[in-house]
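Have a look at this one.
When the chains are written out, they are named A, B, C, D, E and F in that same order, and each has its own residue count from 1.
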């Protein structure tokens, strides 16, 4: 991951205006059928959604109970966040995230967090409106439970490979990973598909059969 | 399933006025103790509830990635829906249902969908208020992931046999299947039990012990 | 468990003013790192929270379908509840709890229920605002499904040993068990930690890095 | 399933001489990538293997505890077995199979049983050498636990659609379903692939690199 | 559990001569349909089987990492074992048992161990032929992982209530718990059923249909 | 991982002479309590055991169905294997390993494979006696199912961080990871503990109580 990847702000804006199913449909058409995280990763609160460039974290069960440098790499990763970033962590079985980290991440312009693991401080994070996607919540701290082994390396998050700089869209239907080199193509095709769906929706509301609708428009 | 089964509209109305626990209690008394779906099938949004006659779908992992007739039987099943129907699908591990299908099903008078699998387009379906019960949400389309093998055949949904024409009641506490031949008996007994519960609730709020309440009224 | 344990009402009040993560952090520091229930036990409705002294129930799959004394020990346990109690049940796979029991428990001053199992009558319990924490909901009655084997004995609830009289705090982030003999120490230390977090939160909102914040305050 | 399907005895013989991985590889090439049962279905004893034509059973949790006709359809299905049949059952959570049924099935020429559920009488079945593939063993009878809803209908077994008459090969690596209309093509291609693997195996044992081996032979 | 329960050595002998499925069938007939442990508890090595009187242990995740009295109650329980005892432990997620404890338990006449958890030192225990039934194996010690909270109290083991003194039969098909007060009745009925099965087995091997066999003998 | 790590052949020999529980006990004493893989990773056949230096593979669900360079990095990793290596793969849900790869790996001196995933060609691999540890077996090829994202990077395997060059011991009780910098200390302490266990085993066989044995020798 030596060359810095392009990070057009317009990509984040355009992606944020879409929704995860239409992005998945377009990725399916391009032969990328495994880009949606498993359904166990859910929004921490209703209405949470975020889009941005992935900063990846390789999390693991902590190797020592009381490390000399507690939280070490996790904190370095957070301090490195830039506007438009989404923090993405691999599997962990305790709370990787909480309110104070949300406060720090948001200050740096991070647009959200996706973790194949747990979060805590739910009421405060919801009050801030900072979007977090996770397997669930757990009140215990990560110290001595979860360790950050590396960051900005390829990781697997809920069944999907995420590389640093990939585009992430997380909303109520799930989280989808757009590989960096397909970003422009996916955004353009998804914007077009949205227009087609609007037509079909109207026809179905008027009573056309679904067999006929699919025959005529090829969309469902 | 050759003779068409009776479909009194009054049954749907009466069932819709009940709630799933009282229906389960009455089925228990009749020796039908396995009529409630497992707790993994949940309302897609708070307040969702529906009642109606089961139209069943046997879903399965898709056998081919790009079938010649995409969505084939699933669409035929949806076009066949009539007022008062609830669509019920067996286990599948991707999104069986979405917004456009909800639009079409509602147009036909379908009162809701129960799927031992996944759904997508959550915000739009919630905005429509179309009741869906499912294991969760996933943004990927069913095409090449879930296949409809047959419809209006007996299926198993979250641990319960559902035959076409059985009565379904799905609410926040779960989904219960009333076998068609027990419908009248169950409805009548459940309506009566509701009245008994009202008496006990009042007594408990006034401080009677639960041991005493159960001894006196036989209800809890 | 022969000597009755101290039950200062002030403990319940002070605990209710805290939140589960800070209590876990303090317990961690005291070497009690396994006092938070697993994340599968969740509030029945948003905003549910409760604090109090544990009354424990050993639940199990029912041994007989139609016992001579239905619900027997479960009802005795409920009738024994006192103001400031939280009822805590070990693992069960059907609905241990419902609306009528909530009505009775609340009348006796019970402040909430934590069950490593299921609940029913969700809408009514939410309308009452009676806090229940559980694995999920299921519409079937406990009769012939769940049996109360004993009460006020040590039980394991979602991975944590709970002894009668231990302090329980359950909120949106999880449920934590404070061993009775550590109650005063935990309450005092947690109240102090809350003050420290307020300082750090302010600093992070002003842009201090997390590495620096942790170096300076030792809190995250 | 109205026209009886072809049942050449030679197919069973040829399939029995193959092994499940090579059959899966050939099905993959034909675009049928979902024909292997999930890894939870395992041989009941080491060395179990069988091949034959599927007779399917739709199993479900029993609807009544004490049916008027106990075991009804399950027994009819077993009495209908013919030489070269493999009995295949959909998901069930209790023992679908046991020693006495094995004795009867074997008498009729049934070559084995594949059940997405449980079996009992392990020592006796192993002593008979009758091949059973299942999720595990459980000592309780199916009566009042598992019900046969239908037989010789399409079913889903451990994630794979099985139609009556499909070819089944079950061995130590798993169970694969060969759709009836692909049988001849699959058998021929698999027999050929076995020959290619023999060449590569030899080369690898002589020290050729795997990169080179795959480049040269396209097999691994 | 104040009065010592009867412990006829003949019961252990007679039970050891039976097999778990026939004992389950007899318990089913007596309305005790939930006496078999879940299928996740398996023999540690092929051929393991044991019978005896339950000595129960309530296991739990360890509350402290380095207790003042390591292994305390667990060791006391083991030292209390008598000839004909089977040690039964509730759920734990680390190794509750190992070679040295097997050596000590066998010396005291303990006939086997059933744990809803893990074991280690598999090769040595198999070499001794000491029967252990468990969920699996794990190499880590119980110290700081599993704690014995109490012993000779009612516990739940893999879904079944076990009271001290109940009879246990564990073999390759599973583990069944015979309530102490039903022991004589169950043993007698099971011995009789074995004789009936011998007749049916013979008939089925001679080709009688299973429908006919069940009609004639009522056994399957 | 820039400096090559020390690889004394004597370490592999000494480790191979030990067994996983004693190595875990020693790691526990050193505060490294999370070095044993979860119990879901099991030997492919009885008697499998291996020791060596970890070569790590980051596996993931395949991103494309038909990659331009099939198996690419996986094969490069295998061709790089040296005498004394153990190949260790992170989680994957299809067969990562098979007979032909075993043939190639063994030729290069690889002493075994540990995969948090699946294997195929069980009979052939068992016949070769090549030790494989895995979650289970599945007959389908990895192509289009599992992808090698990177190798010789830190990975998480069944809950344990594995760095390239760490020492691995896998036997019937499980798989343990010895961090490279602790190797000498762990080997020495484990060899000593084995001697202590021999004494205690003898005493227990002679009837000493376990309470007394632990008091006297501090070993169990």
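Going forward, a contact is a pair of C-beta atoms (placed from the backbone, for glycine too) under 8 Å apart; a residue touches a chain by one contact, two chains touch by 3 or more.
Given the structure is predicted, the values throughout are model-derived calculations rather than measurements.
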Where chain A and chain E overlap in contact partners, by chain label: C, F
Which of C-E and E-F has more C-beta pairs touching across its chains: E-F
Label of the chain whose CA centroid is most distant from the centroid of chain D: C
Chain pair equivalent in interface to D-F, over half of contacts matched, among A-B, C-E or B-D: A-B
Gap in Å, rounded to a whole number, between the CA centres of chain F and chain B: 48
Inter-centroid spacing, chain F versus chain A (mean Cα positions, whole Å): 33
Chain A, residues touching no fewer than two other chains: 33, 65
Touch relationships between chains, expressed as pairs: A-B, A-C, A-F, B-C, B-D, C-E, D-E, D-F, E-F
Touch list for chain C against partner chain B, complex: 70-71, 75-76, 78-79, 95, 98-101, 103-104, 107, 118, 120-123, 135-141, 143-144
Residue ranges of chain C in contact with chain E within the complex: 31-35, 58, 60-65, 90-91, 147, 149-150, 153-154, 156, 159-161, 179
Chain E-touching residues of chain F, taken from the complex the two chains share: 19-21, 23-25, 28, 33, 36, 38-40, 42, 171-174, 176, 197, 200-201, 204-205, 207-211, 213-214, 219-220
